[in-house]
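Two complexes, one shared chain (chain A), two partners (chain B, chain C).
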Partner chain A sequence: MSTPLLQASGLTKAFRHKTGLFARPTTQLAVNSIGFELAVRERIGVVGESGSGKSTLGRLLLGLTEPTQGDVWFEGINHKQRRARDWKEFRVRTSLVQQNPLSALNPQMTIGQQVAEGLLVHRIAGRSGAYEHVAAMLERVGLSSAMMTRYPHQMSGGQRQRVVIARALVLDPRLVVFDEAVSALDVSVQAQVVALLRSLWQELDLAYVFITHDLRIVRHLVDRIAVMYLGRVVETGDIRSVYEWPRHPYTRALLASVPTMDSTVRNIEPPIKGELDASMVSQGCSFRSRCPFATDRCAVETPELRPIPAHGASQHAACHRAEEFPRSIVPQIGMVTERGTASREEMAL
Partner chain B sequence: MTAFILVRLVRAIAVLVFTVTLVFIVLRLSGDPAQQMLSDNAGPEALAAFNAKWGLDRSIPEQYLYYVANVLRGDFGVSFADGREVFTVVGERIPKTLIVTVSAFIVSMLIGIPAGILAAMRRESALDKGVMAGAVLGYSVPNFLLGLTFIFVFAVWLRVLPSSGSSTWNHAILPVATFALFNAAALARFMRSTLIDVLGQPYIAAARADGIPRWEIIFRHALPNAAIPMVTTLGFVAGGLLGGSALIEPVFAWPGLGSGFVNATNTGDLPVVQAMIVLFTVFMVAINLIVDVLYAVLNPKIRKH
Partner chain C sequence: MSKLLTVRDLVVEVPARNIKILDGINFSLEAGQTLGLVGESGCGKSVTCYAVANMLPRGIVRSGGSVTFEPGGPSTRKPAVPKIAMIFQDPTSSLNPVHTIGYYLESALYRHQGLKGSDARMEAMRLLERVGIDRARSRLRAYPHQFSGGMNQRVMIAHALAAKPQLLIADEPTTALDVTMQAQILHLLEELKAETGMSLMIVSHDLGVIARLADRAAVMYCGKIVETASVAELLERPSHPYARALIDCMLSIDPDDLAPPVPIPGSVPLLDSLPEGCHFHPRCLRASGECSARFPAPANIGFAHEVSCYHPVAA
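Coming up: the complex of A and B.
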């Protein structure tokens, strides 16, 4: 087997905060011993509600935040062993696309300046070459090269996100981390950007880490999915098998909560109640306070992420009762395309 | 852009006219200058003669029209105190105040802005904590008290600098230092918080993820964006320097507008007080106009309209 493009092991990030002047600082694990591998050209979706630690995970993978514990390897090199020059190389070969494209762009620089900056800083192109490159990239993401002289406030939300994508891809990276990259966009614009990301992946030598809370969107963008709850991965596997037969009650509830246009499907999954409860992390299953299926065992024994035999090696879930859940009670998720809701056949990957 | 500046200019003139009018009326309604100028046992005839001499016996609207007409011709009247032209009395104090305030402004920027930038870049470090502790101290001590402390240390105790007057450049050091330290503290604090705010923006994370070097992130991305709120604060500081001169200059017996204003107010020298308030207003309005124009230059959202 070849070296994975990206690999993480035991990745943990703890944040300490003080609630008052004399209070003892409390530690919260935003990311709690996560391990995973991403192959060259593979696309993984990281889903979970806000507070699940998925954005922190993205920042850890890109080395924008120091982990409290654990390691990240990119192309076989551990982040901890990288020296200044290796970091430069890493920054060229990876990119970040963030949620709100307006704040992800510098309001004081023109589009051309921002997209060209990486090329110039890393001496990938000279001044004139860089701008030719930028023009081509802008056209590739569906913008006119005349946009180069504009400022971010002079564009629409969808155009700005295309600029952010152009800036992320102009250095020809191998890995792009998308952090809620389409969540802030209108639904019709979302569909266009998702289509763009799919076609870019087909053309370029890219791997995606797609962080989102929107289960409809990842369905059409990724090969594999990891569901996060309070800093841990509770379920992971091929997108198809997870969506067809989710084994963790949290995944099941998330999938069931996605609105569907199909009136023949009835949602019989019990809804989850309450909010993230970080006090649950220390012992037992951290989801138990909201889980309709929790037993006494769940309060004592922390479930490990383990393979579910029925799915070969692909699907893993961290639930003591993973085998007990029936298949296919979850409505199949339709995606809003530019024409409206796509039929199930159209959506098959 | 031109339209933007024209609008601001018209607004500035309107503010000026409004302030002059308001000050004129308030000064006439608060206290009797004749009583203040003449001794307490001056008889009614003396008071009446004084009022008649200076036109104070006429109605306020009438006095106002005369005043405005004269001011527009460049005539600010003569000082009640010594009969000299107000224009000369005030004019000779302007350079004195400008020397102190402009130097203090420059020095406070040279200290405060780099200190704030370094503190923001090394957040939570010993350097940051040191800078902020100094800033809080500098900002909390009233500036006249700081001035008195400086006089005590450098003039009385160490005897290295003169405590009062304005005859040599050395005389300017203590007033400038007092002003500059106080304002450098304010600037450092504001620069730090503004820069920390900007450094938390997603476009900074994007630049880091693209491998843009640290100093380039600071100078190309962060500082131009921090400059916009900073300019507003610099305007406040510049205005505060002028206002503060009324507190600081008397401490050092510095013969500028500030101490002149205090003297004129104490003696009831109405024409001088009035002219100085007009002058302060002109300065303030000019500072605000400069801030507005700079704001437009720095912000593409306004510039491109």
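Coming up: the complex of A and C.
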């Protein structure tokens, strides 16, 4: 087996928070002992509610944030061993695409200047070479090279997102982290960007981490998925198995929350209530405050991320009861009980 | 059912730039019914909401058509004054950061129901509990920035309920929220509608949200309604090529449905350079010569199913 492109182990990031003026600062584990491996040209999705630690994980992987504990290796080299020169090389071979294309672009620079910037800064090309490179890149993301002289405000949201993608890919990176890259866009633009990324990936030697809270988009863009809850990965596996038979109650609830195109699915109780509760992290399963299946054991024993034997080697879940849940998650097949409302337990079982 | 709202030939313009944002909008809404508005960004969904609520921002004016309410019913003394409340996409920025949640709700209760002092406080607590915020008493002293987006959207809904509205307008109420919170808010809206009998106008670019809440749906493109039907009919037999295209670019999580999305080519044109005729023709695969000559008149193609297109997609 060849070395993975990207590897992480025991990755942890703690932030100190002050909740009030006189409150004692508390430590929050935004990322909590995550292990991670990504092969060359592999695509992984990271999903979870906002605040679950997805962006922090992305920044740790790219060395944009120092971990409190743990290590990251890219092409076999530990981030901690990198010197200034190696970081430069690393920045050429990786990139980050963030949420809002309007704020990611400089309003005072033309599209051409912004896409060319990396080439010039890293002296990959001179001015004339850069021009050709940028023109080709713009065409590749479905924009006309005539767009080079435009400014961001002269473009639609979808066009701007293409520019941001062109800028991220212009140095021909081996790894890109997309952080909510399409979440804020119209569904029609999302569909365009999804189609674009699918076709670009076919042509490129590119691996990526696709961070999103949108379970519909990610499914069409990745080979594997990791579901995060309060800093931990609670379920991971190849995308097909996880969507066919989600094993962790949180994954099941996320999938069951996605609206369907079926107008007969109505008056359904939400699969889970409430929001992330960081006070749950210290001991036991951190999902227990919202889990309809929590038992006494869940309050004392933290579930390990473990392989689910009956279901291929690739799927792992961190739940004591992972084997008990059936394949189907109810709302997808449109169950409405006689009362007009399916209860939480009925929903998930 | 009795009619609550009728919108006829509504035109909204930006006089300074001589452009029409809405160009002849027609729809009506029955008491207790939910209408969904769907379409890409910039098609005029929010402006339609503002026009109905009589809240158009400065610089844009209603220059034609009518918005008529018939609140009806024996209990209504002032039939011409409808009670409309509105909630928005970004609750945290629509709440005033310097006021507590309690101040915000209690002043609305005073304005709409004349409640003061402990009566207002009790009612504010009841409303907060009703929208799913626990420890209501202490939460009344909190500020919006101490709440998550989902909690602030609940506060906005409580605030809307203080007006005892006959019509609630929800403009992308869950677009900025996580799916789990979206499911909670959608269910809350379902329950409140059943409890109060109010009508609802829900705007979303996500047809899944419309499918979940709406009875009828209107598809908007460039300031016009291009198709309107019951939501079930629209999802099963979309007839306008744009409606069809919107449905085709929806992504699914169904493990058996692996079809990649089919994107709509191009993007929504700017209002000052609208294509002649059917505004959709540069992006439409069915377009022919006549499409770029004249806007197609709306035609009935089924029970309460209207479409404006020369070459509608067959059922």
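The rule is simple: the second predicted complex is superposed on the first by the 316 of 349 C-alpha atoms of A that agree within 3 Å, B and C clash if a C-alpha of one lies under 4 Å from a C-alpha of the other, contacts with A are read in each partner's own complex, and residues count from 1 in each chain.
Simple rule for what comes next: contacts are C-beta pairs under 8 Å (C-beta built on N, C-alpha and C of every residue); 3 or more make two chains touch, one makes a residue touch a chain.
This structure is a prediction, so every number in the text was calculated from the model and none was measured.
Undergrad: Which chain, chain B or chain C, is in touch with more residues of chain A?
TA: C
Undergrad: Go through the superposed model and pick first if A:Arg41 touches only chain B, second if only chain C, both, or neither.
TA: neither
Undergrad: Per the contact definition in the header, classify A:Asn100: touching chain B only (first), chain C only (second), both, or neither.
TA: So A:Asn100 only meets chain B here.
Undergrad: After superposition on the shared chain, which partner residues are touched by A:Val187: those of chain B (first), chain C (second), both, or neither?
TA: It touches chain C, and chain B stays clear.
Undergrad: Name the contact category of A:Leu254: first (chain B only), second (chain C only), both, or neither.
TA: Touch status of A:Leu254: second partner only.
Undergrad: Applying the document's definition of touch, where does A:Arg167 land relative to chain B and chain C: first, second, both, or neither?
TA: first
Undergrad: State whether A:Arg82 touches chain B only (first), chain C only (second), both chains, or neither.
TA: In the superposition, A:Arg82 touches no partner, neither chain B nor chain C.
Undergrad: Output check: A:Gln159 vs chain B and chain C. Expected answer is one of first, second, both, neither. What do you get?
TA: second
Undergrad: Sort out for me which residues of chain C touch chain A in the complex.
TA: 40-41, 132, 148, 150-151, 178-184, 186-187, 190, 205-209, 211-212, 214, 231-232, 235, 245-247, 249-255, 260-264, 267-268
Undergrad: In the complex, go through chain A and note every residue touching chain B.
TA: 59, 62, 64, 87-88, 90-92, 94-96, 98-100, 103-109, 117-118, 121-122, 151, 153-154, 164, 167, 171
Undergrad: Contact residues on chain B for chain A in the complex?
TA: 201-203, 205-213, 216, 220-221, 224-225, 298-301, 304
Undergrad: Show which residues of chain A lie in contact with chain C when the two form their complex.
TA: Contact set of chain A toward chain C: 49-50, 156-159, 186-192, 194-195, 198, 213-217, 219-220, 240, 243-244, 253-273, 275, 332.
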